Amino acid sequence: MNFLLINGPNLNLLGDREPSIYGLISLEKIESNLKQKALQEGVQLESFQSNSEGAIVDCIQQAKGQVNAILINAGAYTHTSVAIRDALLGTKIPYVELHLSNTYARESFRQKSLLADLAIGVVSGFGPKSYELALDGMLAFLKSQKT
Amino acid sequence: MNFLLINGPNLNLLGDREPSIYGLISLEKIESNLKQKALQEGVQLESFQSNSEGAIVDCIQQAKGQVNAILINAGAYTHTSVAIRDALLGTKIPYVELHLSNTYARESFRQKSLLADLAIGVVSGFGPKSYELALDGMLAFLKSQKT
Amino acid sequence: MNFLLINGPNLNLLGDREPSIYGLISLEKIESNLKQKALQEGVQLESFQSNSEGAIVDCIQQAKGQVNAILINAGAYTHTSVAIRDALLGTKIPYVELHLSNTYARESFRQKSLLADLAIGVVSGFGPKSYELALDGMLAFLKSQKT
Amino acid sequence: MNFLLINGPNLNLLGDREPSIYGLISLEKIESNLKQKALQEGVQLESFQSNSEGAIVDCIQQAKGQVNAILINAGAYTHTSVAIRDALLGTKIPYVELHLSNTYARESFRQKSLLADLAIGVVSGFGPKSYELALDGMLAFLKSQKT
Amino acid sequence: MNFLLINGPNLNLLGDREPSIYGLISLEKIESNLKQKALQEGVQLESFQSNSEGAIVDCIQQAKGQVNAILINAGAYTHTSVAIRDALLGTKIPYVELHLSNTYARESFRQKSLLADLAIGVVSGFGPKSYELALDGMLAFLKSQKT
Amino acid sequence: MNFLLINGPNLNLLGDREPSIYGLISLEKIESNLKQKALQEGVQLESFQSNSEGAIVDCIQQAKGQVNAILINAGAYTHTSVAIRDALLGTKIPYVELHLSNTYARESFRQKSLLADLAIGVVSGFGPKSYELALDGMLAFLKSQKT
Amino acid sequence: MNFLLINGPNLNLLGDREPSIYGLISLEKIESNLKQKALQEGVQLESFQSNSEGAIVDCIQQAKGQVNAILINAGAYTHTSVAIRDALLGTKIPYVELHLSNTYARESFRQKSLLADLAIGVVSGFGPKSYELALDGMLAFLKSQKT
Amino acid sequence: MNFLLINGPNLNLLGDREPSIYGLISLEKIESNLKQKALQEGVQLESFQSNSEGAIVDCIQQAKGQVNAILINAGAYTHTSVAIRDALLGTKIPYVELHLSNTYARESFRQKSLLADLAIGVVSGFGPKSYELALDGMLAFLKSQKT
Amino acid sequence: MNFLLINGPNLNLLGDREPSIYGLISLEKIESNLKQKALQEGVQLESFQSNSEGAIVDCIQQAKGQVNAILINAGAYTHTSVAIRDALLGTKIPYVELHLSNTYARESFRQKSLLADLAIGVVSGFGPKSYELALDGMLAFLKSQKT
Amino acid sequence: MNFLLINGPNLNLLGDREPSIYGLISLEKIESNLKQKALQEGVQLESFQSNSEGAIVDCIQQAKGQVNAILINAGAYTHTSVAIRDALLGTKIPYVELHLSNTYARESFRQKSLLADLAIGVVSGFGPKSYELALDGMLAFLKSQKT
Amino acid sequence: MNFLLINGPNLNLLGDREPSIYGLISLEKIESNLKQKALQEGVQLESFQSNSEGAIVDCIQQAKGQVNAILINAGAYTHTSVAIRDALLGTKIPYVELHLSNTYARESFRQKSLLADLAIGVVSGFGPKSYELALDGMLAFLKSQKT
Amino acid sequence: MNFLLINGPNLNLLGDREPSIYGLISLEKIESNLKQKALQEGVQLESFQSNSEGAIVDCIQQAKGQVNAILINAGAYTHTSVAIRDALLGTKIPYVELHLSNTYARESFRQKSLLADLAIGVVSGFGPKSYELALDGMLAFLKSQKT
């Protein structure tokens, strides 16, 4: 199985950016950890990060027919991008929405998600662990679909 | 006369994406059909598609002084992009807003358009035919301006 | 095929009423032009205008089983009439909503339509040309249904 | 000069309907009193009452070119009729909006008027005297226009 | 005793219109059944249907002094007509509001009633049985008033 | 057939509580009257009253597989309890929502019902008679389901 | 009889301030004209103007027991002053609210009045004539009270 | 370490209730699976279910000083209970909010959570797997606190 | 005279729960202090605390005819319970609403009270002293009623 | 210790103004009673009343460094004055907000306070007794600060 | 050239009031610094401060014909005063709105300005430097007008 | 010191675009003027313009550790971009928000800024002079930080 991990704007700053909220671990480290964990589950995980809404849309489109699932931390675009929603809707790849921080505990505009209602599930608030939980959740979902 | 046809994010998926809503015809086919129809009216029609808001803004700016009219299906950016609005406002090229599906019959956030109030007119819901109607409407508008 | 064209309140004033917004052509002229164009497409088009919400409801009800499609410019009732919506819903005749002016560019209460979400499509802003585009759009829709 | 007095739905019940709010005088009496007062000012005043929105629209349209001013107590349609607004807007006859009761002191939906922003002025709350004040206000307005 | 049954716009389509929501029985049948049932309770029931808001206002006004109670299914006008509200308020005849379908389970604009707060009671959702329940409820109310 | 009648908080005060709104008859009397009427229709009616949201949820759950229908006057919990809604939704027993008083004529927070959209129908405003109408309505519904 | 005329902030600028909206006549002239007209009706009219909310409250309080009626053009304080509302409420002197311009045709915050619901009536939009209409309306009201 | 698992109203129906949304596994099975998994992590997990808001508040209070963490699926009370929020706030035990279904994809009132902003994190949409993810997330959080 | 003191959910945690907001004194101490103070005024004060909405409703109902006044700190239920409102409304016992903390300085949902508009008065923000002030206020109210 | 009592607009009318709401006692009497009570607690209380927002701001500023606490019944300015809020915020003197009537039981615009969230506490609804309770509450607060 | 500097309520506290927000410099110092800087640009700058809305309105009126421009820090009245807006509108003197603190970073009611849309420009957040920037901005504006 | 000047979408059109709003000077000219002025203050100023949200995010990230301050005219993205807000928040470089036109005087959606609450200060409405004022304001801020 192939999974795609997408990280949205400013997540490349991880480790640097507001460590009191986002922690000290870098995105590279999170990605490599998750790839290793995925491999143990028999999943080839590709990762992609961009600060550009259009590039994320492109990436999702190209994943069509290539991947079985998407794990997406769309960052700020979670709250503003209908285009990413449409790309996910258009390619019909099942996806999990995830966040490092608890978005409910922050500014009110971070509490609306344009992606959540179409996701398999949502995980937020567990820091880098959110990525692992999202992976586990997706695997469980795919397994339940087979039966 | 020269016209510019702009298609926004995910419209390159046409034919593939949610065929129950968007139909089975590809964007390439729509574009070539429309160019042919335009030619019969003496109009050279150029087409452009991008998933990137910034690229669409660039494209509109470059059209200044080059085209007589714009036909735009801004897709998801219809509902979120003040930047595209500003580009259209700034270049002052007359434009028609068009949609394949009836946006009124979908999610509530698709019912607000940031482009419509400055457009010559709006056409939505007729599938690929919307493109032809938009072309006809723009031609009628330009003709009425001359008199 | 038989089509019904319905014009709502104050559209009988066309030519007279706010020519800067609505143009100089009379409703009679629009109707006769459209009938001619319809005939060329093999469509018998009947027209009806009334200032009364109830009379428009009556007219739609009587069209049941008589016409294949409705083109409706409900004017002010677009924004206030649940009864006309119910008549269209009850008779299940496919219809196109159309407007002479770009309703998005006017008072905010003209931006809500009680008819649009159930329509095949919507055309607005092209002046008298809106009627032709609505006819073309409806014809394309009916053709696509056959296939 | 010719003026038109329009009374909307349920005003024919005057004298009968909720006398604690609307008083005991009948509409006929109010109309004849006002006609007499108008005559003293050199004005021929015609009166019209209907419970039908469409009939009021018809009446306003027919007044075009016939009357110099309209005094209108649109009753319930004040709060719901875009069609009457459009008729007044389309005929461009100056008008005064008037009410017997103080609409501000009643249900919240009576506090929105679809006619007021286009009126010369508004008079409300003085019972039958509101009609006389509306007449006086309109006469003063027309006089001020001449100078 | 005399009762008046009023049916608003599109209820004349009953049997035809959206049978999955409104059932297969015609309005004529509902009316004759209810008249029969009323007679058994010593009540003469007159029925009236119109698609016109103004005609319903007229009908209510003429009922003044003629009937002891009104049963009203105002259909679409339930949600938009201040004029019918005013007529009921002005004539002071006690009335029951009734609906065939459960209005709470439909579009959000069907959940606001301009008539309900002044009614004796409201019955909705029981199909043609709603008419009988409204009659029974009104009879119980009138009986309770006497004691 | 077995029916369950549920009365929510403060309905045990009936006869005592705000008699100008709720009347002088006690809940016990209402219940025994309704049981008798039910028996005549071949229905065994059990009644339950509680001031506790959780106890009402428990009661609905235990009714699963035991009763054919529920008549519920959830009182204050009508407006605040998602848990009771979920219990009704989860057990899938058809139910009628009923109220003694006309909730539309009271505080605005009493005009939102969390139960109504899933109910067969709603009856409100007829005092103790509301219970009988709810029973009749439910019987008619069940009968219509059989055919 | 004694009446008090109160003018709120910036009305001392009349003649100077935005003549396209407020006209060319000065406040002194309006006051002296109105006093003369009042005298003809047997009314002694005192006038007061202030730019200070507190001074207007003081003035209203001192009028208690001294005047039979107040005519008030509270200007900007119409929309913001609960204190003036309380002063009018506390002294229980009947008052008419008046405006030179049609407040409905201006900024949205000018469409809320904190004084209107407690007024006898409201007059707006007739320029200096509004003052005369307010006086006439108040006289009619007081006369109606006597009978 | 000791953890407490709290399940709110109607979750005892699991397996029975709306299987298309909630799946076929019973609550007992979910609880015993989770206890086993917890034990493997060296955690003693107690479980509690109630349909009563007050009983859940009691349970949380009694957990004070007894447990290191709470996993809570508050069901319907997630959206309505300030009291449960206050209990969690008052005992200061860290907790994870979890849901079986994706609450974003359901009724709008299920999209507001009174518990989420104070939680460590939130997991929703993965069916019974949500419980395991919540446990894993909490364990990761507690581990991160130690370092 | 007999008074009833009711404390709602989580107030049994006092002394423990968020001492920076609620202080260090226990509920038992507050109750015994208040009973003593009440006795000095010739008042027998009973106290009741529960985390359950239904139990508080029961308690209020049972107080009917037993107590002259209620002092209630309904805690979280202040903001969510229509049932407690109805119990207070139904028993017609005069009551004072009180809070330890200043609810205006906390989350926005704590600023709406479902009990306040029917209370004699409200006291909030003075910590344990709020109880004494509520008692004094109620005594003054009852005294004023006698004269 | 020195305290300052501030009374806002129209409170000088006490005894006169709406006695059914505000009672028959004059402000002078309330002030002298409170001064006497304050003296017994070792507090010198100065009182100030003005109908002017600016004068109240001046008074608060001058109290800086002169008084230990402020008791303020800002009347109408409670709901509209950011300037008084800023004066209290700027001088940092602790204050209690108090009202004679229960503001929750009146017009909706009286339910928003611009002063309450920064106050030590709020007392409302106890008539003249509210002043004494505010004094007692402030004394208790100051005492609690010392320990 | 002559400029007028207006400071609203509580700005006379500068240096004293919330120094963490407003800094330690006094208003007198700010005024004298600005006058000196103005003189270097050939501008005679007068300054005025008041806590009274009415006094600020008076001051603006008196500036008519005396000054070329106004610099105004209206403090709290920025958010509540239609009267000051009207004075500025009525005198038509160009003005700049300025604030010491960044009003966007404070309470939500400080984010609405009644003066900003009619100002030449707005400067906020730079502490005392805001005054200089406002002066520079106004000078640049006046210069641009001459060309 | 190094400063970064960022200009958002469509600002490259300056001189061309809506000259009545934005003036005739080109962006290149504004940039070179500002660089010169900056140099006089000992500041090396780099400039960047893009129509792409993602490119602006990239640019801000790369500025981390390179520049002491940012001056940003984010144009349309001011109102829609959470991603740019996050980039500024994540790099923690102090910034000033600036606009050529007075955004308060334009469409309502231009009155919400997603960047303003985190900025040092905001300058708007002074045309090209806004850039100089922003520079001066930032310099004053940095100087004040040093002391």
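Should a chain be cited, it is by its letter among A, B, C, D, E, F, G, H, I, J, K and L, assigned in written order, with residues numbered from 1 in that chain.
Here is the rule we go by: a residue touches a chain if its C-beta (ideal position, glycine included) is under 8 Å from a C-beta of that chain, and two chains touch if they have at least 3 such contacts.
Not measured: the values here are computed from a predicted model.
Trainee: Where the contacts of chain A and chain E overlap, which chains show up?
Mentor: none
Trainee: I'd like the angle of the rotation relating chain F and chain L after CA superposition, in degrees, nearest 5.
Mentor: 180
Trainee: Taking all residue numbers used at the chain A/chain H interface, answer same if over half belong to both copies and different if under half do.
Mentor: On the two sides of the chain H and chain A interface, the residue numbers are mostly the same, over half being shared.
Trainee: With chain centres taken as the means of their Cα atoms, state the distance from chain F to chain I in Å.
Mentor: Distance between chain centres: 31 Å.
Trainee: Based only on mean CA positions, could you tell me how far chain I sits from chain L in angstrom?
Mentor: 55
Trainee: Go ahead and note the Å separation of the Cα centroids belonging to chain A and chain G.
Mentor: Once rounded, the distance between the two centres reads 64 Å.
Trainee: Among all residues of chain H, which ones touch two or more of the remaining chains?
Mentor: 52-55, 80
Trainee: Using the contact rule from the top, write out all pairs of chains that touch.
Mentor: Pairs satisfying the touch definition: A-B, A-H, A-L, B-C, B-L, C-D, C-E, D-E, D-G, E-F, F-H, F-I, G-J, G-K, H-I, I-J, J-K, K-L.
Trainee: Touching residues of chain J toward chain I in the complex: what are they?
Mentor: Touching chain I from chain J are residues 102, 104-105, 113, 116-127, 129-130, 132-133, 136-137, 140-141, 144.
Trainee: Can you tell me which positions in chain L touch chain A when the two form their complex?
Mentor: Counting only chain L, the residues touching chain A are 52-55, 57-58, 61, 64, 80-83, 85-87, 89-91, 114.
Trainee: Show me the residue ranges of chain D that touch chain E in the complex, using the header's touch definition.
Mentor: 8-10, 12-13, 16-18, 50-55, 75-77, 79-80, 109-110
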